[in-house]
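To keep things clear, I will list the structure first and then write my remarks on it.
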Amino acid sequence: MTEVIRMSAIEKHFPGVHALRNAQFDLKAGEVHALMGENGAGKSTLMKILAGIYSADSGSVQVNGSEVRINGPRAAQDLGIGIIHQELALMPDLTVAQNIFIGREPRNRWGVLDEAQLNRDAEAIFAAMKVPLDPTAEVRRLTIAKQQMVEIAKALSFRSRILIMDEPTAALNETETEELFAIIRRLKSEGVAIVYISHKMNEIRRISDRVTIMRDGAYVGTVTAEDTPIETIISMMVGRELEQTSIAIPDLGDAPVALEVRGLSAGRMVRDVSFTLRRGEILGFAGLMGAGRTEVARVIFGADPREGGEILVHGSARTIRNPRDAVGAGIGYLSEDRKQFGLALGIDVRGNIALTSLDRFSDRFLRVNEAGLAKVATSYIASLAIRTPSDQQEVRLLSGGNQQKVVIAKWLLRDCDILIFDEPTRGIDVGAKAEIYRLLQSLAEAGKAIIVISSELPEVLRLSHRIAVMCEGRLTGILPGGPATSQHEIMRLATRRDHAAEGASA
Amino acid sequence: MTATPVAAKPRAIASGAQQKLLAFASLIALLVFFSLASPNFLQTANILAILQATSVNGVLAIAATLVIITGGIDLSVGTLMTFTAVIAGVVLTFWGLPMPLGVIAAIAAGTACGFISGSLVARMKIPPFIATLGMMLILKGLSLVISGTKPIYFNDTPSFPLISTGSLIGSIFPAVPVPNGVLILFLLALAISWMLNRTTLGRYCFALGSNEEAVRLSGVNADGWKVAIYALAGGICGIAGLLIASRLNSAQPALGQGYELDAIAAVVIGGTSLAGGRGSILGTIIGALIMGVLLNGLRIMSVAQEWQTVVTGAIIIFAVYADMLRRRRAG
Amino acid sequence: MLNRRSLMAALAAGTLLATSSLAMAQDKMYIPLVSKGFQHQFWQAVKAGADKAAAEFGVDVTFEGPDTEAQVDKQMDMLAAALAKKPAAIGFAALDSQAATPLLKQAQDAGIPVIAFDSGVDSDIPATTVTTDNLAAAGMAADKMAELIGGAGKVALVVHDQTSRTGIDRRDGFVNRMKEGHPDIEIVDIQYGAGDQLQSTEITKAILTANPDLKGIFGANEGSAIGVLNAIKETGTTGVVVIGYDSGAAQKEAIRSGAMAGAITQNPVGIGYETVKAAIAATKGETLPKTIDSGFKWYDKTNIDDPEVAAVLYD
């Protein structure tokens, strides 16, 4: 296989951060090369240099054997390098075809946009990808998975021979991931070289040929995917061995019920959902994307209107009309999208922890007791092991795992004893994941009642004392946690369509 | 009314047309209401007066629409209009040059000022609100300085008032003497609507408002296009300046501040999102007409001036709220 | 979905019904006044006078004016809407006579009499102009000045400009009256300060320096008069009689404190009242004089709080 990319001795500084130190990477035509490392290891930075978004302080980049300078996205495109960004870089108000050809719109001989040609060109790309997508659809109406396809089509429209995918499956369900892999395999067979950045070990094993591991901005090593054990890769990433624990399920028969939901309904996504949650219990919610798990959480939390059913907290019925009511009842919700809903990124750690409890730290003239806040914040930073230089560090500068811990601290401070975690480890690297798992377990041991919504079955299996499975807005069954339950059983319930539902939903 | 701009996406036409139909329906509802309320409302002369009153605000609102679609805001449209009128006065009255030069000078001055605003926003990264607020005050002051704080009359250019008050249509169909100012408004609306839907400039206008970073990452000269859009908006303000100067047969240097808010109100009533990325010229024109009809109708009904202001404010809030509800239901 | 929009119309309707004068009976004569302003105290006083006449003569009157005196186009829109209502007559105070000419012609063609008020309309279309007789008013200022300085000595004038009708009339009214009635009084200087307080202050200082034996100064409008007061205060001059014009908080305060001997006030209430009265007369085909004097008053410390004086003063 011919080598298409060789990056060597790459150095990059950001203000206060040495992002890349003597980093290196190479890529061959027709291979899928996984790039792995914990968050902040420098994977995305390295690839952004390749895509012309950042420029390196020093080092060499060779494309097809010749030294190049890539000084902008245009230059990268001209070299046949396309990137699919982790946070999708699409224009939601434009159509699919308009997005793909932004900046290169076909025009007729009077210089007027040729929309028909534009749509034909897009159609041709989708035909080649064997993906049925309507070029005239507005991007904002597409699922994340479809938007991903648009990004890939856009990259391919540059006749890219090198495709960088930054966590492409982060928001995809299993079926969608399969579709993406099919496309990747097809591209590979056509000789396209693919850089694949991901945290998901099982994916890496399935799709990639070689794996390069980075840590702290530096190159650690490159191994073949097929015959390297996952544990080896993980230890290369974190620089230490990780213990593989499976959950010990406590006997909660006598534990009081913290939360009971009866016949909860709201729109198409929440239909007659009933379950109980005991103190000290971790209840996992599994299901495919769009099964209604997040919607259930939002209705319980009062973020969406409830159309039917009852919510009992510690045995008494509570009227929850808005999140303030929910917080008053001791329910905390840690949303899927931390950046959008859970955190004020520009504010420091202390301020975020105090966000929902400020009234307790201010006097009647609304003056904030900063000293008291600092004490509380520092104690949470210690007890949750939040890695931050101080409680006055802006939250946006923390890694994903530490941001998640800040959110947890916020709700703990608010005295919430029922905590709903929606995708708690999304975008968090392997080492931090294990830490979050341990944290959830210790919270449960301390008597908190916990719901974990997760799209990753291994995560659900590893964490949950019981597993609730949803499909199309209905609860299709509750399974015991631990080794007794297989992924296969969960998938069976997760795909159980309406006609079979009656018996299981109660 | 204007024709629906030709868009190549059938589904978007369906939903877009529906939205415009609703705005249009509310305009019709107002017309019917006022017609029933006063026999003097639905008279040719009064309808022409409404159109005449709408023409300047309509043109300014078109300029504001462009900038708002990019996700920005332009507070300088009102005083820029005045500034271009003063420039026309300098060229035609102070220097005594022929009329076409005055027209060109006004539009060129507008374009140049728009270019400056655009450069402040796109290249120097000054927030649009601040950049155009500054321009608003600078232009207001310059208009007073250049004119010597007195109106400049166009008595040496007898054909100048015809730009706005003459009637090309009336010379062909004497029964409907639609003033040229109104004709210019609708022709401009058609042209800009076409530009938004069929040219790269229009495409980048929506793209910038939708996700500026994505445009930049696509290798497009995002800043350059943004400057171009502000400059175009400035040129349109130059047309508004000509219309108002022609209608008053004078450049009134102290006028203009406050007109930007009327223009923005028309844009918003017309369903263009202040967040950027979506909007239409047809909606803006309907929005401007709703404002014009409302004000005229309230006057015809002899509603006290204080209450006219209250009702207008309430209608703006209500129109936008109704539009949001409809959007939310449409998903 | 249309319901929501028709709700909007309903809202408009509700507000209208609540606020519009329901008593717009068809048999009542309707006279709209389109003024140069609306929010300013002076214009509110004009409106009060118009409303008073409306009640007295049983006609319907509306009063409108743009937010600022720069908004010539908004005034045109108001005039157009007023004409569309087919009124019996129209009262109009032009911000810019030229711009209004086409609409005034339209009124003339429709046989709607136009009554100009305040500074009037520079055109022969109006049936009459209701305004202050500035010549007579300034004459009264001259008489008061003569009385206060004992019939002899030097006086000076600070006028806003030498081009506007009011500037010319107030200057000439004062000067002529002095020549005719008070031959022992010498007018040593007439200066123009554009009605600008600061400019008028500098002018007055120069006059005071040049004429140390000056007995009195007449400031011909609000800005000029305040400028004169400023200069007297800044130079510490005493013994100079100051007479002003119009009112405003600063002049009223100066009169109460004695810094200003007194001032001429126009009668905005009278302007409104006489405009409506003249409009009714015009609809009946009565011949009207070219101008109608709406009256003016002398006010000083002794009568500033009298009800009929206080009514025409503004802050």
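For reference, chains read A, B and C in written order, and residue numbers begin at 1 within each chain.
FYI, a contact is a pair of C-beta atoms (placed from the backbone, for glycine too) under 8 Å apart; a residue touches a chain by one contact, two chains touch by 3 or more.
Just so it is clear, the model here is predicted, and its values are computed rather than measured.
Building nodes from the protein chains and edges from chain pairs that touch, which of line, ring, star, complete or other describes the result?
Drawn as a graph, the chains make an open path, so a line.
Pick the chain whose C-alpha centre of mass, unweighted, sits closest to the average of all protein C-alpha coordinates shown.
B
With chain centres defined as C-alpha means, what is the inter-centre distance between subunit A and subunit B in Å?
The computed centroid separation for subunit A versus subunit B comes out at 44 Å.
Please compute the C-alpha centroid of subunit A, do the same for subunit C, then give the distance between them in whole Å.
Between these chains, centre-to-centre, one finds 72 Å.
I'd like the Å distance between the centres of subunit B and subunit C, where a centre is the mean of that chain's Cα atoms.
Each chain's C-alpha centroid was found; their separation is 36 Å.
Quick check: in the complex, which residue numbers of subunit C touch subunit B?
1-2, 4-9, 11-13, 15-16, 19-21, 24, 30, 32, 38, 60, 62-65, 67-73, 76-78, 80-86, 96, 98-99, 102, 106
Note which residues of subunit A are touching subunit B in the complex, please.
Per the stated touch rule, the residues are 53, 72-74, 76-77, 85, 89-95, 98, 102-103, 105, 107, 111-113, 115-116, 118-119, 136-138, 141, 154.
For subunit B, which residues count as touching subunit A in their complex?
These residues of subunit B touch subunit A: 7-12, 198-200, 202-203, 206-207, 209-211, 213-220, 277-278, 331.
So in the complex, which bits of subunit B are touching subunit C?
Subunit B residues touching subunit C: 22, 25-26, 29-30, 32-33, 37-38, 40-41, 43, 45-46, 49, 52-53, 56, 151, 153, 165, 244, 247-250, 252-256, 258, 294-296, 298-305, 307, 310-311, 314-315, 318-319, 322, 325-326, 329.
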